[in-house]
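Next up: some structures, all given as structure tokens.
Two complexes are shown next, each including chain A; its partner changes from chain B in the first to chain C in the second.
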Partner chain A sequence: MELVSLFITSFLVNNIIFMQFLGVCPFLGVSKKIDTAAGMGIAVIFVIALASVITYIIHHAVLVNLELEYLQTIVFILIIAALVQFVEMFLKKSAPGLYQALGIFLPLITTNCAVLGVAINNIIFEYSFVESLVYSIATSAGFMLAIVLFAGVRDKVDYADLPESLKGSAISLVTAGLMSIAFLGFAGLQL
Partner chain B sequence: MNRFEIFKNGITKENPILVQQVGMCATLAITTSLLNGIGMGIAVIAVLTGSNIVISALRKFIPDEVRIPAFIIVIAAFTTMIDLLMHAYTFELYKALGVFIPLIVVNCIILARAEAFASKNSIVDSIIDGLGMGVGYLVAMILLSGIREILGNGTILGFRILPEAYEPMMMAVQPPGAFILLGLLIGVVNYLSRRKKA
Partner chain C sequence: MVIVKAVAVTGGLGAICGALLAFAAKLFHIDVDQKVIDVRNALPGANCGGCGYAGCDALAEAIAAGKAPVTACPVASSQAHEMIAEIMGTTADETEKKVAHVLCLGCDSLASKKYEHRGVKSCKAAAAVQGGDKSCNKGCLGYGDCVKVCAFDAIKIVDGIAVIDKEKCTACGKCIDECPKAVIEYVPYKNNVIVGCNNRDFGKAVKDVCKIGCIACKICEKNCAFDAIHVKDNVAKVDYDKCTHCMVCVEKCPTKVIEGKIEAKKEAM
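Up next, the complex of A and B:
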């Protein structure tokens, strides 16, 4: 039961984009079309889930035992960069179809702060292994939900008659703000 | 480009937040009060300038193929130093900024300056570029966090400046306020730069 409430909290109530502001750069950058947004979302879920498991194990098995917790940032970013490279090579060899679909998004994910953010939050919130797995999948699913919804809205915004100065990222940010107000409504959920 | 222009470039023409729009996550998240905005701005200036110096000094030794991982390690090292320093000396601010201090390492502006400027220019120019971009970041942080603190609390750095009767606009310090106010701020900057050109 607690795991279900953790899932819903991380998926909707504390949505990674609208409430925690992690991964806003790809959210604004790769949300022009719904299908590319969905591709990015799936790639992010895959990498975040994998990265959380590996960083969690490394943190507890290596860093804590050797009292090297202060190296966390360097170690985690290296793991994520290597992981993304590895996933890219693996998919290229064994699942060319999936690689074609995700290909261009994978290198971008290294600098997606959501990946490092979730890995660090797993440690800060002192989650158990199962909890951190649920948290990372729910959070990244929340990222996908946000980016797909936003891409849908942006399709319409492109046809709106706007003042010249607000076109582009300015109106995108205001749109995201209005969607964020909608997500504030989830804060009332009793779990 | 002379050195003054390199410095000015980062503040006005290529302002990282208001013009290039990179590194938005921390900008949106921690600008709930002016103090947080200034703290984050200074942390980014320190990491950006430090990593620019080291990367510029090593630019002839780093092989081209592995330059991105090498840059990331340098940036991560400086981020860790700032993280430990802030933990030791400014604990309140450290708690307020939370996960966004280690996340400086994936702030695109720092890697972008390493790749676009520090890896091609002399150490002195790179220091000036780092300072200019950093100050540009700080200016944008001060603008956004100042507006949010006035609207959301009626205070500046904790001192009340709007009368007690002012009903604080809670939305401004909540997440939606960050998106909307930054969007409008970018709109104003676009308007001003278009009018200057015309």
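Up next, the complex of A and C:
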């Protein structure tokens, strides 16, 4: 039950984009089409889940034992960067369609602070292994939910009759802000 | 002592990650056919889809595999076609260059409108209501759906109608697919005499909606010495193979709907 509660909380209530404002760069960059947004979401779920498992193991097996917790950030960045490279190679071989659809944004996951944020939150909140796995999948699923919803809204906004000065990024940022306010409705949800 | 430990851990992890990546690079290595890369480099790279494939990469693969002809790219110049043919070890057959052209001259000052369109600024949206706000049911609506799809910046809306720059047009065909009024057509690049009307009505019916429309009076047909222009379905059409650019029809047309530069007139032989 606690795990379900953790899932809902990190999926909706503390949505990584609308509530914590992490990973906003790919959120704005890859949300022009629903297809690519969903592809990006799946790639992020995959990378975050894998990254939090590996960083969790490294943190508890290596850093804690050697009393080197202060190296957390740099070590996590190193691991995440290597992991994304690995995922890129893997996708190129096994799913070239997805690889081409993600294009430049796959390497950009490296610098997606959502990945590092989840890995570090796992340690800060002192989650157990299972908890951190649930937390990372829920958070990244929240990212996917946010980016797909946003892509759907942008699809419609494209047809709206906008003043010249609001076209493009400006209306995207306004839309993101309004969606964030909407997600505020989940705050205080108790399970 | 602490610093040594820190350096050893970060350095060690870095080395392990590097080794794993090097191993993965070998494991997931993909052999790419050199031909595909060469052909891809010779293609324009605009990913316009004019060839019918998903993009330049997909076309390059198809050409390299022999599934598509070396001239499959409608956008590439003839030099590029020759380059691709050279890579593939064949020869390129020269094809005549085409460009897209809007068969409508009914700009805002010449063509009347039957209602004021206040909805989404899109030809498709306008066309959904009574076939569009233009009184002429075949004309260019001028909301620029073609401008939006053109990857080569070749189309501009001038005074309410789309005008295609034939120097920039690459005949990818996207605007032709996009136009809800089907008013865009391929014409040979070399040709300058084009009837700028798509209306299939006769005489007064055309005059009432557009001052410049083709009224199917057949004056051009009677005056052409080369049998190169014919009125069919109440609209004149130039036979581009026979036209000699004598410009007689351009001069005689009572509504001046035949596009053609009179100064570029060639003496009829």
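The rule is short, and it goes like this: the second predicted complex is superposed on the first by the 175 of 191 C-alpha atoms of A that agree within 3 Å, B and C clash if a C-alpha of one lies under 4 Å from a C-alpha of the other, contacts with A are read in each partner's own complex, and residues count from 1 in each chain.
Throughout what follows, contacts are C-beta pairs under 8 Å (C-beta built on N, C-alpha and C of every residue); 3 or more make two chains touch, one makes a residue touch a chain.
Values in this document were obtained by computation on a predicted structure and should not be read as measured data.
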Task: Would you check which partner chain A:Q100 touches, where first means chain B only, second means chain C only, and both and neither mean what they say?
output: second
- request: Would you mind checking which one, chain B or chain C, touches more residues on chain A?
  value: B
Message: Just to be sure I read the superposition right, which of the two partners does A:T36 touch: chain B = first, chain C = second, or both, or neither?
response: neither
Task: Could you look at A:M89 and tell me whether it touches chain B, chain C, both or neither (first, second, both, neither)?
output: second
Message: Between chain B and chain C, whom does A:L71 touch in the aligned arrangement: first, second, both, or neither?
response: both
- line: On chain A, the footprints of chain B and chain C overlap at residues 71, 74, 78, 81
Chain A contact footprint on chain B (complex, rising order): 21-26, 28-29, 69, 72-73, 76-77, 79-80, 83-84, 98-99, 102-103, 105-108, 111, 171, 174-180, 182-184, 186-188, 190-191, 194
Field: chain C - residues contacting chain A, complex
entry: 5-6, 9-10, 13-14, 17-18, 20-21, 24-25, 28, 30, 57, 120-122, 125
- request: Can you check the complex and tell me which residues of chain A touch chain C?
  value: 58, 62-63, 66, 68, 71, 74-75, 78-79, 81-82, 85-86, 89-90, 92-93, 100, 159-161
Statement: Note: in the complex, chain A contacts chain B through residues 18-25, 28, 70-74, 77-78, 81, 110-113, 116-117, 120-121, 124, 163-166, 169-178, 180-181, 184
